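Next up: some structures, all given as structure tokens.
Common to both upcoming complexes is chain A, partnered first by chain B, then by chain C.
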Partner chain A sequence: MSIKGGDSVRAFIIRKNAVSDWIKHLARKNSVSFPQRAGHSGFRFKPVLETSEIQFEHYRPTLAPPGKQLTPAREVLFKYRKNATADPMLESVLDSQARVLAGVRPCDLKAIDLMDRVNREGFSNPHYLTRRENTVIIAHDCLQPCDAACFCAATGSLHWRANADVFLTSLDDEILVECLSERGIALAQGDHFTLCENTEPHKKRAEALRTQPFGRQFPVPLEQLPAIIAKQWQSRVWEKHVEHCFSCGSCNMVCPTCYCFNVVDDFNLADGDSGTRTSTWDGCMLPNFSEVAGGHNFRPHPAARQRHRVKRKFEYLSQRFQEPGFCIGCGRCARQCTAQIDIFSIVSDLVSQGENDPCVP
Partner chain B sequence: MKPKVAFFDFASCEGCQLAVLNCEDVFLNILELVDIVEFREAMSETAPRFDVAFIEGSIHREQDVQRLQDIRARSTVLVAMGACACMGNVQARSNFIAPAQNFQWVYGEAERNSLQTDPEFWPLWAHTRVRAVKEIVAVDFELRGCPMVPEEFVHLVKSLVIGSTPHFPANAVCVECKMDENECVFDHGETCMGPITYGGCKAVCVTGGYRCDGCRGLLPHAHREAHRWLLKEKGLSDAHIDNRYRLFCSTQFQGREKP
Partner chain C sequence: MCAMTHPASPELDPELYLPRMASVVAVESMTAREKFFKVELSKPLGHRPGQFVMLSLLGIGEAPISISCGPRHDNILEMVIRNAGSLTRVLHRLQPGARVGIRGPFGSGFHLDDFNGKDVVCIVGGLGLAPLRSLIQPIIAQPQRFGSITIISGCRTPAEELYRDELESWSRMDQDKVSVIRLVDKTANLPWNGKIGLVTAPIPDLKINPARTLVALCGPPVMYKFVLMELKALGIPNSQIFVDLERRMKCGVGQCGHCQINHVYCCQEGPVFRFDRIENLQEALQ
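The block that comes next holds the complex of A and B.
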């Protein structure tokens, strides 16, 4: 699968009022998801229907990130059948349905890129990769921060382009359509599209329209965070930010780069020799997540779990994948937290403590 | 030999037993795995011993206590089934009201006064203290909720039949709410027991457009101080908050947490 840009870049201009027709046209032949209003305030990635409202303004990050469609909350991994004379028969359950994720924002684009690496490097995950290989991404640039919780520029997500098949940039009443892969080119077909020979003036216009500075900024550059946070093990900051924590795991469940899961085997009632193995989302903020056989829990206190979560996002995975910031700055965890815990504030506190008040050895 | 299974009801609406009978698509398969030897909601036979006894309902009277102890003595595994058996359910709210006051509300003053002197019903308080099953006998497993969740019942039966440990994660309702992409109840101006309530119900009430009232009981790690702070932040008074906790969780909520 080629998901990188380069030679295959082709660009078009499309009128803004034609985009809805285009997305709905795609949805007649494909399974297309687009962020649409749901509930009292939020957006969800929902299937595009003829009646769907397709618009890029007034966007707020969806409750669940689009990448979660590649690892559903509950997923049958394989079916088994006992065999009296040989090894049990195992049948993988792989979902190869073609799908289009449209309206994906740069932060979520980066998250999907990171999850591609997590699921490809080391032990590769065929369930994720099968869905991923059959997924085309139409991304859309952000020229204003979604809301006060967002800090995507600080985590290096705002200018992410690499794994988009089509990248859209809204400019007043028209949209620049950059096709970054062969599959992207295949999607941008029709009378709506006017070929764009030179994208530079449009990109300059977009940069002029973009809010500066864009959203919240860390006190130090992203690249310095892993080293700073690595020194913070006994910091008082960990306790400070869990005073009201319910250990409900909402922050994990809505995080685009949380991928921990649990597996459960279950036999069929009608035929006890056969059954399934199912994976379900799990999360490191849940109290029993790190409990092992015999009942020992490695992280019994919320502060220890919070420390683990933050270090995963800004230290452990950064080192393992050579990518500063597995937190992509979408702000979902803070938005969903009823205790108003904000990973941006935790990291900012850790940085200022690192400068003024070295942690207890 | 197939395990012998029995169902017993105490103070309850028998809705959990109905939930068992409503496992229609798998009920006949369950009957292949176990022998049901007592089940008043479905049959009239009785038996002397049970491998698994399911207890529905809360325990009120002394004769209920004796009956329950007798069932425990005749059972290998005892399961509290549903919110009444697990934690007293809504009827346990009466534990916070003087029995004489309660009887007056329910039956009127004249009836209350005649009951109070009737040797059949004396003393009144012995009929009104609502207890969970585990306050009287050892409980091996709990099927939480009002009513209990059929999938959890099936999971428990399957685990017991093959001798594995059933798994009921001690996670907040929020986990399943997020899996179903429910908008947080707090985000549309309501308040919710979800963050401190035992999940496993697939967040059915919130998914259906309501809030969580905590029918599956408080989590072992429930952060009640933070939850009270949150509800007060949303404008609820201490008395209102006490009421919310007592709706289902009276036997777990004996008094206000330390500030």
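The block that comes next holds the complex of A and C.
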């Protein structure tokens, strides 16, 4: 992929029916992922092929968020090969393949920004950051909520732009293409693109088309939530919403801002001398997540684990990273929950509950 | 592709998860469940008391293990390892000459300068003596730099006591500088020359000046609450108490999420915490 440095052109108009050609054009030279229908169970981010159906905008949120492509479910940290006479050969595995994530919604864009911050903190995560620095993002605005589960406006995600290399806004039969980085400019090349000198009228038109109010809203502004939830330790709400929880961890696995992992060794059965150390997704709703050697578990009760998960999204990480919402309001956890538990309802209940009502051990 | 939208930290270490190989130079049984390991690295570990390493065997796994020796100039690392899982079960079968992987040292640890001129009380339960030995050793070795040190060490039965020879030799040192109180919950019909009772029992009788005393605690979760109540009664402020906490850890570098106590990462801000900084942190102690 080439970068045209110093190019001052930043915005274009493209006809809506040309988007598919453009994405496929990019996919001939790059690894491009775009949400595509997968069987009967909705949409997935999958590699774009010549035969792919690129259905811009109208997809229900994918099962796994696009950011998970930066932290695969199984990530080889290093390979080893034992040696009879010397120390083993150890080789760190970093994935520096260039890739394009296209069709990313603002909520998922925010999640990637949050994960960038998490992975840059302290000991920077070389595996995530290497993949991230070789990833270009084409995101697009949402003018209607995806479905009844989404609440992105309430979590401050709907208008997220930071992080996108290219940002698309849909306007009837054409699309405003804003290039927000040098790498974005390099992607928006070709006959399809007509220069746009003034983006403001287009943005105003889009804003007029946007559904108002946009999806579900919390009873109070997002900025007030961390302080309100910080006061709720022994609330009855934790127990109420965990009554049917199977502690299956589905909510963790599909969450764009859940990043906890386990580390396991796998050895190669064919030779017994080589293998890998691999990180695998883990989730704080799983019963043994915080169990230490000897069996003590710091969160043995499902309600305590639920509390940890919710506080992590609205209080703990908010405090650590000075960002009020680590929940981005995509609604995936509620859609996938095997017991129909909805984090939006938990938070709304916590707000209306107000004071502590002792319950959780 | 070139310039990043989000520059990676300049300290990006592509080998963050690669262990350094080290040789086991001694293994000794301490109790039915614990063994003492002495390991030689290729260079000094350069640790502070209270820090930990990630210890691994290729193909088996990796676990956080407390460093049990004080800071050293040589390449030696000492650890006490309880047979408590698949990795430690294999570790217990190792003989001198075996190679193990080490990452670290990690975590906050104790800063010895905080202890300059102070009287120190170390209260340990069970395996808690292993990490606090890394603090006790340098304090005992430099009596002119520190005040007195009192060690209260408790375990269930005499069979579970760690470092008995060292505890006994410390107890024979200058009584003005070093005092050792050894306790068991019960003798279980075994010979015992210490006391019987919980580690909380001797605390009210300690002859200390709260103003110049620092306390370090390490033990099972159930121990902290009761010891802290006794220390409060003695008039020791929470800012003069350090607690060394245990958590599940899979990475050691603040990424895997397992050790998180509310917004705090135990492997980064801990595992040693000044107590006033976590006294309001739910789930920290139990």
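Just so it is clear, the second predicted complex is superposed on the first by the 322 of 361 C-alpha atoms of A that agree within 3 Å, B and C clash if a C-alpha of one lies under 4 Å from a C-alpha of the other, contacts with A are read in each partner's own complex, and residues count from 1 in each chain.
Everything below uses one rule, namely that a residue touches a chain if its C-beta (ideal position, glycine included) is under 8 Å from a C-beta of that chain, and two chains touch if they have at least 3 such contacts.
Fair warning: this is a prediction, and the values are worked out from it, not measured in the lab.
When the shared chain is aligned, chain B comes close enough to touch A:S250, but chain C does not.
By the document's definition of touching, of the two partners only chain C reaches A:N125; chain B does not. Once chain A of one complex is fitted onto chain A of the other, the partner contacts of A:R299 are limited to chain C, with no touch recorded for chain B. Within the superposed three-chain model, A:C284 lies in touch with chain C and out of touch with chain B [touch as defined at top]. Looking at the shared chain after the overlay, A:G39 reaches chain B, while chain C stays out of its contact range. By the document's definition of touching, of the two partners only chain B reaches A:Q336; chain C does not.
In the superposition on chain A, A:P226 contacts neither chain B nor chain C. Legend: residue contacts after superposition of the two complexes on their common chain; A:L77 is shown touching chain C, with no touch to chain B. Contacts of A:F267 after superposition on the shared chain: both chain B and chain C are touched. 264, 266-267 are the residues of chain A that lie in the contact sets of both chain B and chain C, per the superposition on chain A.
Of all the residues in chain A, the ones that touch chain C in their complex are 1, 3, 77-78, 80, 82, 87-88, 90, 92, 94, 98, 116, 119-126, 129-130, 132-134, 136, 163, 165, 181-183, 233, 259-267, 275, 277, 279, 282, 284, 289-294, 296, 298-299, 304, 308, 311-312, 315-317, 319-320.
The residues of chain B lying in touch with chain A in their complex are 26, 29-30, 33, 154-155, 158, 162, 167, 169-172, 174-175, 177-184, 186-188, 194-196, 220-223, 226-227, 229-230.
Residues 38-42, 44, 63-64, 73-74, 243-250, 253-254, 264, 266-267, 269-270, 272, 280-281, 283, 286-288, 336, 338-339 of chain A are the ones that touch chain B when the two sit in their complex. Remark: chain C residues 1-6, 8-9, 11-19, 21, 56-63, 82, 84-85, 88, 99, 220-221, 246-248, 250-251, 253-258, 260-263, 265, 268, 282-283, 286 touch chain A in the complex.
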